[in-house]
Each structure stands twice: as structure tokens, then as C-alpha cells.
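Shared between the two complexes below is subunit A, which has subunit B as its partner in the first and subunit C in the second.
== the complex of A and B ==
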């Protein structure tokens, strides 16, 4: 239970932290830490505008997206604290729940009959397909390191091991931060603040949602990002020792993920769109590399 | 009993035209009821299999049909899908009543029920002759079914292509059985046990693998598949893709039961890599298709690939004593075969309804169907989500099992690299399936109608919709209560492949499956709850209508929508080394001021293997024929000369002791 509440809290704070980081780094004072909450409250108090092209599916998509994100969040443990639901193989379910929310959003976008949204949907589908192996090799590496296939038991068993394993853990966390950037639609893959429909990926698919629907989608994407960030934080928290990964450490690390995302957004330009595929495949390749690295280490070869 | 029914299905020729359909439905339903009952009893039988004395007939050279767990699973699936497609055929074929003569209809009906019965025979006969007889009957009846619209040139081409390749496959099987009998007269599956015990199993297995793989659509033997499925009527495609491909899978699974575990390592690797390549090839080509049924056919290839990936991994697991991987890989493969039969038949049937109502299968001429054909669209959506392996539907459960096998063996540190290959394939394919099927559903059913035919579409008939109740029930049952079915299937696998029922390390499996049910319930409950809550929030507030945002452009038009081609463009760029474009428009030239005056690109993505396998050979054979044609002068004296030369040659060869 504590883990689920933590993910929800992280979802609330993370966007604020990212915004504040960007503001400070660009020399602004920045908006209130919880400005985005007020924005969503405003959205939820509005009505809705639907395009006559859209059908029932379009209206159901926000609910499905949010429900899939929240269900995925149920599986995420906060460091060593167990998740609300956990079972052997829950990593796979986690990945597929995120895929469900992505697929729902894509279908909703295609229902509007807009060429911009089709463009965004096409990109999102491709990027989603290319990042999937990265996510699964991340899981595979964790399974190889700990001998477990559930987040909760993995993070329970993941402890400070040899220096090699610390390096691998840091590498894994790095990979997952990249996954957060890709799945969350952040720079350098996608720019959440762009105003040009032609270059949007994630944002363009939400263009025709307004009011309550947009609010639900926004909350859903916060929870998705927070779940991934919590997994990243849990991974790297293990460096501080099995017992040392206290709640406070994990909190600080999730905040650190927010700061990193904000920093990247302040100093990097987004990729050219046709470079994105390469960028994402590189992340997946890196995950494969981490997997093989751990495998070679586990073989205990004596390389002279 | 079943043989009687099978023979009876030929009697449809004698039935008056009005009752032909009902007669066929009756025969198929009776057959399905009988064989399902037998399958269920075999499942419950203590010996694990039952032998039927009644099938002991001169027709099949006194071979007794045997039903064990493996046959039973496939028989039940075949029966469910067969009944469902036969019910569906009523409205679908009604559209052809004018253009087809009663004899043609009878032929179609007879072939339909024969296809079903031959599949049941394939699944139950183990003797070489009876098996091959049923196998050939299956090929011929499906050939006749594909040929239904034989007046179209491409249908004839696809059907002949199919027939030829199936017979190449048949030769492989025949050779396999003859070699496997070791010269004895009892050719058949049971003779293989002896052969495999005394010989190196790999070469003979490869023969069977090629023969069965031809039917299953394994790379590079798949070239018939994307041609034959779109050419056949919808209910036939559903039966062929949903069930008949699985006969190939069944054949491989059956042959593998006779190989001793120790010999399986190489074989498992071969199966695994064939599966991996098939899955990736299939899904990349599915993404490039703009023809709805062709897309579904390519995706069948991908699913067969996944089944073989699981099966191959399971066999390697058996060889290395990794029981967890063996049970979960093989069990997942079997469950995926069942799942694919259910969701692919739903998808094909609805694609058929769309074709019937719009007369096009081109995604770029569809669109907007979710409003015009709401129930058909909803059913297609369920199939879409199931094939994308998204919870809470059945595809997720079988992929979960296969993943669980891979992840557990990674966690246990055994067969790690192999599992890594499996995980990479499954995850990449899993991601691409979402792309392919959001394309199929999003472009084909959502948005604005892209042509007048789509705009005027009407909802499909009640029979066409009602027919899908059975497979739909299967999708929901397996998706929501996975423990119910998958524990039975893993039971079948462990008895057929003599694996421990519950190898150490699978103790959490039942718990995992139960938790998947919980997860599905939470997901559905939450989505429903949020939706209802949203509706209540919106009550009393303004819910306005406003055109889709067009970047300030105020006259949006169906032609401005994203097309099927452009949707897959990103993937097409990445996969361009594998694909080549056939002749057709390649785009708008720079000198053309108005893009609208140039017709949309009409080229089609070619399968390089297809052009390699069929294109080159056909070319060579034609060349050879042209050379040989010179001898065919039409003059009697030349022919007499040929005969004399032939005789002289035979005489000389005998004399020299060569012949």
C-alpha cells in the first residue's frame, strides 16, 4: 500500500520538480510547485468538446489510459517496500499495461481523422515498438542479477554487491531514465512544449481532447512517468545496501530523476525526428549490453 | 461415426438448393458435437488417451484413431471455429446466391465440411496412410474452398500456388513417413519412436519440419500464405488461418513427442530460430500491407512464429533438463495456438463482414466504420486488443506464459542466451503488433470514411455477428480466468512430453495466473469506474461539438487523414533492406505542381523471399519448357524418332551396366 501511495505522490511532485528545475536553470523564478495540479483541477471542472468525426471509442480512451497506468502503478514497489500486488512475472504485466495505455491513446488519435494525430500516432507506435526490447532486457538483467521475476522480490533481493554490480546497477538506472524520456515523451525524443503540430509525438495525440478528458489523460501520463521513475529509483537505491535503501533515499532518488529530466530539457535540443529511431534503438542496445555484461559476470570467467 | 458424417457431407449435392446450407450446418454441428464430446472424454480418461475401435475401417487401412490430450485440444479448437464459421457462412454466401450455380454452392459446402472432418482425422489418426490420406483431403478441400471465386485471375493464381506448394510439403511428409518406418510396413507416427531411438533424429525431423512447416507458413516456406488467405472467402480464411495452419503446428508437436529428450537440443534450436525469423518477417510484412486480409494473413505468420519460438525453447528446455522452460515454453506455445485460433477467426470474420458491406479490403478505402458497423467494429477491436497481447484478453496470457518461461530460466541462470533471444523476439514483435493492429483498426475502422463505399456501409447481418459468440467466449474465458484453461494445457503438455507436472520453480505459476485475473478485474473495474465518473462529471456541463483541429484549416476532408501507407512509413524505412517495391507509382515528381492530380501510390511491398523462391524458379522452368518445346514439333516421324532414341538410350545404358 505504501508503495502505491508513494507512486501517486511521486506523480504529483515529479512534474513540479521538472518544471522548477527548468525554470531555475534558465534563470526564471518559475511557477508554483503545484501549478500543474491547479491546471488539472481547472480541466476537470470544465465540460468537453468532441469532434463530430469521433465515436464512442474516443470518449472511452481517457478512462482506459488512466486505468491502465494506475493498474501498472499497483505493481511497482518503492525500493524494498513490497508493491500492493505482486506475483512472479509481474514485470511482464507492467510492460503490457503500459502498452495498453499507449495503444488506447493511438486508437483515440486515429479516431479523430486528423492527419497530425495520425502522424503522432504512427511515431508513437514505432517508438513504442523499438523501446519495448530495451524495457524487457532491463527486466531480464534484473532477473539475472537477483533470480526473481517480480519487482517486489527483485528489489527485496537487490543489494550492494561487488563493485562490478554497482556499475551495472548505475547503467541500468541510466537506461531506465532514458526509457522515462522516451515513454514520457520528453526531450530529446519529443518536446512537450512544442507548438508545431508537425513535430509533436505525444502531445499531438491529445490535441482533440479537452476539459475532463484532457485532465484524465494528463494524470495518466504523470502516473506512468512516476511508475517508471520509481522503478529507476528503486534500482539505484540498491547501491546503498539492502537495508540502507530507506524510504527517504528512494524519495530523494525519484526527485533526482525529475531533476535529471529537467536538466536534460534545459540543455539539450530535441532530436531531428528521423534520428529518433536510432536514438531509441541505442537505448535498447544498451539494455542488451547490460544484460550480456551481467551474464558474462555471472559466468565468473577469469579473463587475464 | 465421424467417417459416416464425413461421407454424408458429400450428400449435399443431392439436397435441394434451399436446404443445402442447413444440411451442411447440421453435418458440421453434429460432427463438432461428437468430436468435442470424444475429446473431452479423452481429456478425462485416466490413461491420457483413448483408442476408438469404431474408426477401425477398411477406408483407412484398418488404422485405429487415437485421441490423446494433444489431439483433444486441437479437436476442440477446430470444432469451435468450424461451427462458428459455418454459421457465419449463411449470410456471407447469401451474397453469392445469384452468381453461383447450385452445383458450385454444393461443392463449396461439401468442401467446407470435408475440411473440418479431415482436420479431425488428421488429429486422430496416427498411421502413416490414414494420416496422409486425411492430410491430402484437407489440402484438396481447402484448395476447393480457396477457389470459390475462381473467376478472378488472382484467386486462381493463389489457389494453384497453394496447391503446388502443399504438394511439395506432402512429398516431404511422405518421405518422412517412409524413411521413419525403417523399411517396415507399419509407417506412421508410432514407428518414429523406434527410428528416433536408433538413428540420428535431426535429418528426419527436418523433413517433417519442412512438410509441416509448409502448412504452418514457416519462413521461408510461407510464400503461399499471404496469397491464399486474402483470395479465399472470409469464413474459409478464418478456418484456414485459425485452425488449418495449426495442423502444421500439431504435426511438429506430435513428431517431437517421439524424440527422446536427450536428442532435442539441436532440434529445439532449429525450431526456435525458424520461429524467431518467421515471427519477425511476418510482422514486418504485416505492417506494410494495405489489404486488410493480407495484413491478417501476414500476422498469422507472425503468430505461428511465436508458437514455434515457444515450442523450440520448450524443446531445448527438455534437452537441457530445464523443466520450467520446457513446461512453460511448450505450454505457452500450445495456449497461443488455441488463442490465435480464437482471435484470428474473429478478426477474419469481421474483415469479411467489412468486405461484404464495402466491397473493398483496401484500408485506404475504408474508415469511419465504427459508426456505421458498430458491432462489427467492436468485435474487431476485441480481436485487435487480444492479438496485441494486451490485458485483459487471451493473447496476453499465452505470451505471459512464454515470457515467464524465459524469465524464469534467466533468473535460474540456465539457457540464458537462448532465453535472451526469445525475450528480444517476443518484445520486439509485441511492440510491432501494436503498430500493425492499431493501423488495421485505426485506419480501417476509425476516423472519416475514405470512400463512398465505406460511407454507405451497413451493419453486418445477425448471423455473421452471432457466429462469433463461440470464439469470443474463448477469448474472454482465457483472458479473464487464465488459470482455468492454462492449467489444463500445461497438464496436457506434461503428460505428452512426460514432464513433471509441477517442476520446481513453477510453484508461483498458479498464483501468477490468479493474479492476472485480479489484475484484469482491477483494470476493467477501474476503467469502467472512471468512465462512469467522467460521465457524471459531464452531466450538466457543456458538451460541445467542434470539428477536429486542423491547424486552423477549417475544411477538413477525408483525404487529409493519415493513410495506411504513411502510418507504417517509419517502420518501412527501417526495414527497407528486406523489402522491395513492386512496380507502381512511387510518389509525386518534383515538377508536378498539384499533388492531387497524381493518383495515390499503387505499388505493393514485395516479399524478397517470394520473388526469390517463386519468381526465379518459375522463370527457370519456363525457360526449360521453351527449350523442351522444340522437341514438340507435332510431326509423327519426329515422335517416332524420339521413341527410338529413348529405346536406344535405355539399351545402351543397360549394356553399360549404368541402369
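== the complex of A and C ==
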């Protein structure tokens, strides 16, 4: 239960940390830390307006996205605390819950018939397809290292602390931070701040949603980002503590993910769209490399 | 009679001295000039109802970049004439906005016109049946192509305009731009009021980001009718124009960074732009220089205290902008977005008659301050334009950077001169002479601005014509994005930063 609550808290803080980092790095005071919560409260207090060309599918999407993100968050452990829901193979369930949320959003976007949303959906589908192998190599690597396929048991079993494992874990955390950038629709893959429909990826699919629906989608994407950040933090934290990381380390590392995202967004421009595919494939290739590395190591190392 | 040849100086040209040819000769003579390509471009081509009310007279102003001369001629379309006349656009695409405007305003058809579509959806257009719903967009019947319509209402705070893309997946095959939503009838308002102050303030609103340049153009037209000039006043106007150029180039550098998601460059440039326009505000009370430029004089002479303050600010801005630019143009992620994006070749720029910084970014040395020097540029400041060859977004961004620094240097040089003690007060009372034409070419931050006024027998204004450089350069945007990714359109658009209302008038 604690880990689930932690993911929800992280979801609330992470956006604030990213915004604050960006503001400070650009020499501004920035909005208050929880401004995004006020914005969402405003959205949630509004009704919804639907385009007459959309159907039931379009209306169901926000609920599906939020439900998928929350369910995925249930599977994420936090440091010493096990996930609320854990079973062998929950890593696969986690990946496909994220994919479900993405698929729902794509279908909803296509349902509007808008040319912008069609383009956004096609981009999102491409990036989703390219990042998925990366995610699975990442999970595969964890499974190979520990012999488990559940986050809770994986993080419990990690932390052998051998130098080789530290290298691999750092690599894995690096990969997962990049996955956060891709999945969260942040710079350099996507620009959450842009008002230019033609360049949007994630935002454009939300263009036809307003009020409470937009609020649900926003909260869903926070939870998704927070879940991934917690997994990344858990991976790297497990190296530090013997037999499981301390809760404090995980907290600090999740905050660090926010700072990293904010810093990346401040100091570099977005990719040209046709280079995003290369960027994402690189992330997946790194994950494959990590997987092979662990496989080779496992031939020599004492891994059960 | 041959071409009437004059220079870009303030003087009233008697209309009877301008040759009035039959259309056939007009066509041949104009063709002979325009066929040289780079040397001549059409600065203005417009119709005026004849003073006797019988027929229309069409004046053309050709700018000769080699000699700094301006060539004037006209042709008459009689009261009973009905036939179509051969289109110049068919041979010289650069003529398209002018001929389309003439068709729209007077209903005269040009045979063989390849792009015979309305230029603006003005209320006083000849064909009232046309609306956006039945606008004859180019269509794509190929099933592998799809159309994307953007506008006329956009996200953000930009002006209205329709961009119709024909795309193959993410790649743009063709972009068609439809404007006119900002039409306010500025030319008619300018023509109908005899109130010089109102005309000046109207000129300031032609394009809000070029308030100084357009107001100065109007004032020079008014002063041209009187053959009046004042060197010290010209120097102060040049300071104002260069401050405007600095501010807009910095704003656009920042906006380019914003469109590529590069926050650091964006905030640095936005701050500097604010400093620049605030300096203008310290001078005249308005950040955009409204109220500063008035005919025959000024209410805000540059006192020694103001000169010192402005020189201090500009020095500081220049230093900081140079630092910001060095950071922006050495960031690999920014260069990856700017370089080789939205390229327009030199040949294309010549064909479409591009002017100003868009032309200079593609190796075309077209700068009124250099080719047709006027005011302070003819006397005190020797201007040497920055010309880059690549014609891509990078070239346009770099051109802005270097021109802004150059402008800062010009401002500092002008401010360093001995201040003039007695500058005249503005004079709104002078009458314009009869049967005369006064024109002026100036270089706004976008490029060549041309204003011209034609008066009737009693000095009444028959036509007041305004040309913002955007009129030519919008087509460059269409060419720039051809074959590019549709997601690169915003950054290409911003690299030109053309005016909607300057085009729509």
C-alpha cells in the first residue's frame, strides 16, 4: 500500500519538480510548486464538450487511460515496500498496461477524424512500437540478473553489489530515464509546452478533449511518468542498500529524475521529428546491449 | 516616351512626366527589364482611377539594384476596354501578388495567369461570390496524399491565415497559403482622410511590429510632395528604425528557439528584446516607437541625456546578445534543427521577387539601405548588408543575429554624433501638390517597404499604395517547406516571421 501511495505522491511532485527546475534554470521564479494541481482541479470541475463526429470510443478513452495507469502503478514496488499487487510476470503486465493506455489514446484520436490527431496518432504508434523492445530488454535483463519476473521480487533480489552489477544497473537506470522521456512525451522527443499542432505528438491526441476528460488524461500521464520514474529509481537504489534499498534513497532518486528531465528540457532543443525514430531505437539498442552484457556476465558469475 | 528614371529621394514626380504606354508596349518594356532577373524587381504595380474618371491608370515602379535608380511607367485601361491583357505573372512569378490584386480590385483579367486566385478576401473585392468555403484550393487526388488544413484560427497568439498542406505522410508536397483575414482597408482609409496626423497613426498600424518603418515611409512620402528634407531628423529616424530591427530580430531569435524547444535561448533573447523596446520607450514613451515618427519634424528630439542612456543600454544589449548568440549557434541540438531545413535557393528567391532578409539569407544582395540609400543611409551611415548563401533556417537565424549586432553598431555610431539642437516640430498642415506621385523605398526589418501616393488635379489623393515585404515573401515560405517534414513548418514559418496584416492591409 505504501508503495502505491508513494507513486501517487511522486506523480504529484514530479511535474512540480520538473517545472521548478526549468524555471530556475531559465532565471525565472516560476509558478508555485503545485500550480499543476490547481489547473487540474479547474479542469475536473468543468463539464465535457464532445465533437459531434466522435463516438462512444472517444468518450471511453480518458477512463481507460487513467485506469490503465493506476493499475500499472499498483504493480510498482518502492524500495523495501512490496507492490500492492505482485505476481510472477507482473513486469509484462506493467508494460502492456502502458501500451493499453497508449492504444486507447490512439484510437480516441483517430475517432475524431482530425488530420492533426491522425498525424499525432501515427507518430505515437511508431514511437510506441520502437520503445517497446527497449522496455522488454530492460525487463529481460532484470529477470536474467535475478531469476524473477516480478518487480517486487526483482528489487528484493538485486543489490548483490558486485562491481559488474553496479555498471549494469547504472546502464539500466540510464535507459529507463530515457524511456521516461519518450513515454512521458518530454524534450527531446516531444515538447509538452508547444502550442504548434503540427509538431505535437502526445498533446495533439488530447486536443479534442476538454474539462474533466482532459483532467483525467493529465492525471493518467502523471501517474504513468511517476511509475516509470519509481522503477528507474528502484533499479539504481537497489545497488546501494544490501537486500533492498532504503525508502529515502528511492525518494531522492525519483526527485533526481524530475531534476534530470527539467535540466534536459532547459539545455537542449527538441529533435527534428524524423530523428526521433533513431533516438528511440538507440534507447532500445542500449537495452539490448545491457541484456547481452548481463547474459555474458551470467555465464561467469554466480547468479542463481 | 521612355521610362521615367528617378532615385529613391523625396520628391514629387509630376504624373504627366510618367510615360503612359499602350499595354503591348508596357508589356514589352517591363519584360525587357524583368528578364534580367536579379537586377530589376517590381517594387509596386497598382491601379488608380484616372483623374477624369474615365478609365484606370496602372503605375509600375521597378527598382534597379545595380544603379540605385527607380523606373516609373504606366499604362491605361480605357473606360470601354473589355479585353483581357496578357499576364506578366506567366513569365515572372514575382508579379503574382500585384496582378492578383488588380484583378480583385478592378475585375481586370490577365490572360494566361497561372495563379489567378484572390489575393485577399477584402470586402470591396470585385467578385463577392468567393468565400473561404469555395476557395479554389489546389487539390490532391492521389490516394497516397492527404490534406492538412491549418487555420485561419491558430493556437497561440499569431494572426489569422490559412495554410493548406498537401502531404505524403509526414512530408509536405505542397503548401498553399490563403490570407486576407486581417483586411482593414488601410489604403482606403489613408486615401480618404486628409488628416495628416490620422494618416501617420494609420501608417503606424499597418504592421504592428514595423510601426517605425511604416510611419517613416509615410512621412517620407508626405515630405516628398514638398521636396523637404532634414539630415538630423533622418539620423534620428534611422536610430528608431535600427532599434526596431534589433528588437524584432532578437524576438525572432528567441521565437525560433522556442519553436525548437530550446528554452535557454528563448528566455535570453526575450529578455534582450524587452530591454531594447523599453529603451525605445524611454526615448518616446512607447515601446514600439508609436508617436515617435511624425512628418516634417519630431516631438522627441534625442537630447544628450537620452543619447547617453540609450547608448549605454544598446552597448549592454549588444554584448549580451552576442553571448546569447554564441551559445545558441554552438548548441548541437539547435543546429540540428536549423541547418538544412526550409531551404530556398537563390534562383527561387529571384523568381518570386523576394526582398529583405529572406532574400539576403539566400545570397541575394537586396537591401534598400545599400541599393537605394535614403535618408541617413545616403549620408551618415554607410551600410554594408550581411549576405548569407545557404537560404535555410540557419541562414535566416544567423542573418538576424548578425544584422541585430550591425544595427546596434549603427545606433551607437548615430548616437555618438554631435546632437542637433533645433529639430523642427511636426507639421500636419501642408497641402499636397496636384497631379503628382510621391514614393519611397525603405528597409524595414523584414525588407523593402514601399509607399506611394498619387494625387489628382486639386491635390486630392487618388491612391495611397502600401507594400509590406511580406507581400513578396509569403511565397518563399511555400517554397521553403516543399519536401520538408510537416513538423518543420512552424520553425520555417518563424524563420521568415512574415506579417499577415502587412499583407492584408
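Convention: the second predicted complex is superposed on the first by the 297 of 304 C-alpha atoms of A that agree within 3 Å, B and C clash if a C-alpha of one lies under 4 Å from a C-alpha of the other, contacts with A are read in each partner's own complex, and residues count from 1 in each chain.
Following the convention adopted for this analysis, a contact is a pair of C-beta atoms (placed from the backbone, for glycine too) under 8 Å apart; a residue touches a chain by one contact, two chains touch by 3 or more.
Not measured: the values here are computed from a predicted model.
For subunit A, the partner touching the most residues, choosing from subunit B and subunit C, is B. In the superposition on chain A, contact of A:115 is made with both subunit B and subunit C. In the superposition on chain A, A:174 makes contact with neither subunit B nor subunit C.
In the superposition on chain A, contact of A:289 is made with neither subunit B nor subunit C. Once the two complexes are overlaid on the shared chain, A:74 sits against subunit B while remaining clear of subunit C. Using the contact criterion defined above for the overlaid structures, shared-chain residue A:25 touches subunit C, although it does not reach subunit B. Shared-chain residue A:195: touches subunit C; no touch with subunit B.
When the shared chain is aligned, subunit B comes close enough to touch A:216, but subunit C does not.
Residues common to the contacts of subunit A with subunit B and with subunit C across the two structures: 115-116, 119, 122, 197, 274.
On the side of subunit A, the complex with subunit C involves touching residues 22, 25-28, 115-116, 119, 122, 187-188, 191, 193-199, 265-275. Here subunit B touches subunit A in the complex through residues 367-368, 370-371, 374, 381, 385, 388-391, 396, 399-400, 403-404, 406-408, 410-413, 416-417, 419-420, 423-424, 426-428, 430-432, 434-435, 438-439, 441-443, 446-448, 508-509, 511-512, 515-516, 518-519, 522-523, 526-531, 534, 537-538, 541-551, 556, 558, 560-562, 566-571, 573-574, going by the rule given at the top.
Partner subunit B is touched in their complex by these residues of subunit A: 44, 46-57, 60, 62-64, 66-68, 70-71, 74, 85, 87-93, 95-97, 99-100, 102-103, 106-107, 109-119, 121-123, 125-126, 128-133, 135-137, 139-140, 143-144, 146-149, 197, 207-208, 211-213, 216, 274, 277, 288, 291-292, 295, 298.
Contact residues on subunit C toward subunit A in their complex (touch as defined above): 146-150, 155-156, 169-170, 257, 259-264, 266-267, 331, 333-334, 336-337, 341, 485-490.
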